[in-house]
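Notes follow the structure.
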Amino acid sequence: MPSNDMLEDILTEVSPLLGQGKVANYIPALAKVSANKLGIAVCTVDGELSYAGDALEPFSIQSISKVFSLTLAMNRVGDDLWTRVGKEPSGQSFNSLSQLEYEHGIPRNPFINAGALVVNDILQSRLSAPKQQSLALVRQLSGNKRIMADKWVARSEYEHPHTARNAAMAYLMKSFANFNNEVDQVLQSYYLQCAFMMSCVDLAKAFVYLANRGRPLFGDKPILSPKQTKRLNALLATSGLYDAAGDFAYRVGMPGKSGVGGGIIAIIPGELSVCVWSPALNEAGNSLVGTAMLETFTTKLGRSIF
Amino acid sequence: MPSNDMLEDILTEVSPLLGQGKVANYIPALAKVSANKLGIAVCTVDGELSYAGDALEPFSIQSISKVFSLTLAMNRVGDDLWTRVGKEPSGQSFNSLSQLEYEHGIPRNPFINAGALVVNDILQSRLSAPKQQSLALVRQLSGNKRIMADKWVARSEYEHPHTARNAAMAYLMKSFANFNNEVDQVLQSYYLQCAFMMSCVDLAKAFVYLANRGRPLFGDKPILSPKQTKRLNALLATSGLYDAAGDFAYRVGMPGKSGVGGGIIAIIPGELSVCVWSPALNEAGNSLVGTAMLETFTTKLGRSIF
Amino acid sequence: MPSNDMLEDILTEVSPLLGQGKVANYIPALAKVSANKLGIAVCTVDGELSYAGDALEPFSIQSISKVFSLTLAMNRVGDDLWTRVGKEPSGQSFNSLSQLEYEHGIPRNPFINAGALVVNDILQSRLSAPKQQSLALVRQLSGNKRIMADKWVARSEYEHPHTARNAAMAYLMKSFANFNNEVDQVLQSYYLQCAFMMSCVDLAKAFVYLANRGRPLFGDKPILSPKQTKRLNALLATSGLYDAAGDFAYRVGMPGKSGVGGGIIAIIPGELSVCVWSPALNEAGNSLVGTAMLETFTTKLGRSIF
Amino acid sequence: MPSNDMLEDILTEVSPLLGQGKVANYIPALAKVSANKLGIAVCTVDGELSYAGDALEPFSIQSISKVFSLTLAMNRVGDDLWTRVGKEPSGQSFNSLSQLEYEHGIPRNPFINAGALVVNDILQSRLSAPKQQSLALVRQLSGNKRIMADKWVARSEYEHPHTARNAAMAYLMKSFANFNNEVDQVLQSYYLQCAFMMSCVDLAKAFVYLANRGRPLFGDKPILSPKQTKRLNALLATSGLYDAAGDFAYRVGMPGKSGVGGGIIAIIPGELSVCVWSPALNEAGNSLVGTAMLETFTTKLGRSIF
C-alpha cells in the first residue's frame, strides 16, 4: 500500500513540470481551471485510501466517463456488444471519420468518440433512464451521493462545433445501420456523463472494481464478472489513451483511461486503482504531469503489469 | 444540326445494349421505371429541336439538378462561391467522407454530394424561397410550366439510409464552419430538386444556355456571363460524371452531367445541348446506354471538344 | 492565327507577375535557371509559327515528356494499355502511394508519376532501344535534330531522394504484378526523357499532331489515329495538370500538360498547339506566369474548348 | 509452475479446433507443413521446463524473429531507436504503405513490416556481421547451438512478390531519410532471421529474459535492463499481434508475438514464458489453435496480466 508520504513525494518530484502542456481551452468551463491543480489518490482492493494534493477537489471527468458507460453496457448487453464496436487500437485520431467510413460504421474500440457514441446509443435503447442511471452508477461506485454533472460544461460542449463532428459520426454510423436512436438525444446524454464532476478520491474509489475482479468498493454485488473485468482492463491497456496507448504502456505499464479535463485513472489488477489530476495536456491530449505522476508511481512502487 | 433520322439511327444502334446495366433500385420510385426506356433530344443554340424515342416522357433528373443549383449560386454569389467548394475532380466515390475530412470540410467540387449540399446551403442563405425559385428556374429555362417535383421520390430519398450519410457530410462541414443552415432543411430542399420530373426535350432546351454563352432559350437575360458559362462547362468536363469523368471525356468528349435516374446532359459549346435517357446504369453509376448514345452521337456528328 | 504582336502583348501583360512563384530548386540544374525567362510559341495545324520572348531557348521539359512516352505507348500497344493504367483524375498528390495501394497497383492516369512509370515499363518491354527511340521521336516531331537530354539533370534527378519514392511506387506496382522490368533501368530511362532540352518553338511544333488528328508537322505518317488523338486530348483536359486540372480547365479551357521546368503545352483541337515557359511555379507545381499567359491567350483569342 | 499434465490437457481441449484456419501457403516451404502439428512449452524464470505435443520439432519462427532483432537494437542503440520507429499500435494492415506515407516514413511500431525493416537497417549499420550475430543471439538465448536458418524458406520469401512490397516500404522510408543501407541487403538479412528454425522448447527458453527483467536463461549478463524489458513487454502487449492485439489482450491477456509459421510466444512477467505452435492461421494471420491454447492456458492458470 502506497503511503500518503510516497504520494506527497511524487507530487514534489513532478512539480517542476508544472507550466508545461496546455489546459484544454475549447470551452470556457474547462479553460478557467487552474493549470496548477495537482492531485493523486490511490485505493486498494481492501479499501485503504491514500491521497495527496488537490485530491478532494472535483473536476470534469470527461472521457473517463467512457469506462463507466462501457461497464454499464457490458453489464447489460454482454458479448453482443462486440458486434457493434471493435476491440482494436485505432491508430488514428480519436475522432477520425475516415477510419469509420473505411470500416463500415463499426468503431475500432469503445474509447474513441464514435465507439463511445455507439455505447451510449446502446444504453439509450436498453436503459429506461440512461442519464439518471449513469449518475446513480458513479455515485454508487464512489460512495459519494453528491456527485453531479456540471450542466454548464455539458451545454458548452453541446454548443461547440465539435458537436457537429460527433453528429457527423453518429449519422455515418446510422447510414451503416449501427446507430438506432435520435442523434441529438444520445449526444446530450453523452455530454452529460462527460460533465460529471468527481475528485481523484471519488475516482480512485469508483474504479476499485477493475482491480478487484469486478467487485466494487461499496455494495455486495459484482458489477462485472472476473472475465469481463480482465477484458475491460485489456481494452484499457491497448486503447485507453487515445493515440498514445503504446507510449503510455511503454512508460507507465498500467491499463488506464484519460480525460481532457486532466484526469487519468489506472489500475494494477489485484491490487489497487489510482487517479491523478493535472489539467495541462500533452500533444496527445493526455495530462502531461498526470502521465509523469503515474510513471513515477509505478517506478517507486516497483510495479507494473509488465 | 442533327436530324431526327440521325437520332433514330442512334437509338437503333445502341438498342442491342438494352438489358445490360442495372436500374437504380434503392428506392421503389426509381426501381419501378422500365429499363427499356430510351430517349434522346438535341436543341441547338438557334432553338432547333430534334428528338427520338421516349424523349417526351418525364423522368427523375436527380443529380442533373446540381447543375441548375450551381447555376443559381454562381448567378447570385459570384466568385466567392469558390471559397466554399473546390473545382477539382475528386478521384473518389461521390460521397466520400474521408476526403472531406482530409480537406477540412471543403468539398472537391460542386457535383459530388458534399459539394451540392454546400451549394444548397448557400442558396438557403441567399434566396428567399429556395425550393420555389429552383422550380421557377427550371420551368423558365425549359419553357415548360408544368414541370413538378415528384414528392414521392423526394420523400423516399429522404427516408433512405443514404440520407444519414448526407447528413453526416453536412455535419462534418458544419464542424469546419462550412455549413450554416439547418441540416434537415437543406437536405429536404436538395431532395426536392433531385426529384424534378423532366423529359429529354425539357432538359435539352433547358441547357441551351451552356452552349450559348449563358443565354437561355427563353427570355432575354443571360443567366450567366460568357466567362462563367465557359467555366461551368470546364467543371462539367472534369467533374461531371462522378468518378468516370476521365472515361467519359475519353469516350464522349463533351462536358456533361449524369443523374441516377438514367439521364445525361451534354454540351457542344457554341452549338447545341443534348439529353439522353436510359435508366439502366453502369458500374460508375452513369446511364450505360446513355453513355453509348452520346459516344455514337459525337462519332456520327464528327464532333467533340477534343 | 495569333500574330507575333499578340504574343508580345501577352508577355507585356503578364510581366508584372514575374517575381511571384518559386523556381523548382530540388536539384541545382533546375534551380540555376533564371526566374525571369519568359517565352511563348504557337504553331497552327498549317505549320504557321509565331513566337515571342525566350521562345527559342531550350529548357528542361520534365513531365511534358510524359505526353511523348504515352503517345509512343498508345502507338505500339493500343487499347491494351488501359488495363495497366487508368483514365481518371487522381484527386491526390502526383506521387501518392496511398491511392496506388488502395487501387491495387493500377495508377489513376498516365500523368501521375506511377502512371508514367508504368508507361515507361511498357516501352521498356516493347521497344528495342527505348531511350534512343524516345529521343528520335521528339526530334522527328519537332523537326529539330539537335535536341538532346541534359545528362546532368538526369543524373541529379536520379540521385535525389525522390528517386527512392519513385522506386517505392515501382516496387509497389511490381508487388501487384503491374511492373515487369528492372526498376532501376526504367527509372533511368524515365529521367532521361524528363531531361530533354527543348524550346517553346520545338514543343509548339512537336505537339501539332494533337491539334491535327494525329498528323505531325513533319513526315507523312500519322502518329496516332484521329480517335486516339481526341482521347489523348481528353486525358490531358482531365488529368494533365497534376491536382490542378480543374482549375486549369476553369481558367484556361484547353487540354494541356505542365512540367516542373516551367513549361506548359496546350492544344486547341483542329487549330493550333501552344507552348509557354516561365520557370517559377505556383503551389500546385505548375508555371505561375505560364498559366496566366495561357489564360490571357485564350481570352485574347476568344477561344477555348468550352 | 504448470505441469506437463496440464499442458497435455490443454492440447486435448483444443484438439477439436484442428481443421479450422489455414496454413500459410504463399511459399511451398510453409505450405508443406502439416496442419495437425500441435505443441506447447513453458519455461519459468527458474529454468523449469514443461512441454507437450510437438514441442521439440523446429518450425519457421517468421515474425517472432522481430522480437530478437528489436532486442538486439535496443541493446545496442538505446532510446535513440525511438526517433526512427514509433511505439503505437498501427490500427492497419501489417504492411500498409498508406500509413507509412501519411506518417512521413516513420513506422508505427517495430512489429509491423516497415518497423522491422527499420530495425534491421539499424542492425546493418551497427553490427559488423548482422546475420551471424542474430543467429548467435538466438543460439545463446535458447542454449541450442544447432539452430539454423532454413535457406530454402529465406530464398522463397525473397523471390515472392511480397518482397516487392517490402522493397516499396524500404524505398519509401529511404525517401524520408529513414533507411540508410542497401534495400536488397537488408531484405536478405531480414528474411534469413525469419527463416530461423526453432522448436517450442527453444523459444520458451529463449524468451525467459522477457519474464526475468532482461536476464536470459543462459549466461550471466542481462541482455536488456529491467526498464527496457518492461517496455518491450508493453510494446508486445499493444502491438505484438498485427491488427489483433486488442482481441489477443482481451482473450489471452499476455504480451505476445506471433509468426506466420504458426508459432506464438507469450510472457507472464516475473514468472514464465510460453510458446505454442499450430500452423493453421485465423483471419488476422495468427495461429488459430495457438491462440486458443494460450487462452486456455491463462484460464487454467488463473493468471493474466490484467
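Per-chain residue numbering starts at 1, and chain names A, B, C and D are given in the order in which the chains are listed.
What we mean here is this: a residue touches a chain if its C-beta (ideal position, glycine included) is under 8 Å from a C-beta of that chain, and two chains touch if they have at least 3 such contacts.
Treat the numbers as computed from the prediction; the structure is a model and nothing was measured.
Using the contact threshold fixed earlier, the set of chains in contact with both subunit A and subunit D is empty. Across the assembly, the mean Cα position most removed from that of subunit C is the one of A.
Separating the CA-averaged centres of subunit A and subunit B is a span of 48 Å.
In this assembly, the C-alpha centroid of subunit B lies 32 Å from the C-alpha centroid of subunit C. For the pair subunit B and subunit D, the distance between C-alpha centroids works out to 55 Å.
Residues of subunit A touching subunit B in their complex: 96-98, 100-102, 161-165, 167-172, 174-177, 179.
Across the complex, subunit D is touched by residues 86-92, 99, 108-109, 229-231, 233-235, 237-239, 243-247, 249-251, 253, 255, 269, 304-306 of subunit A.
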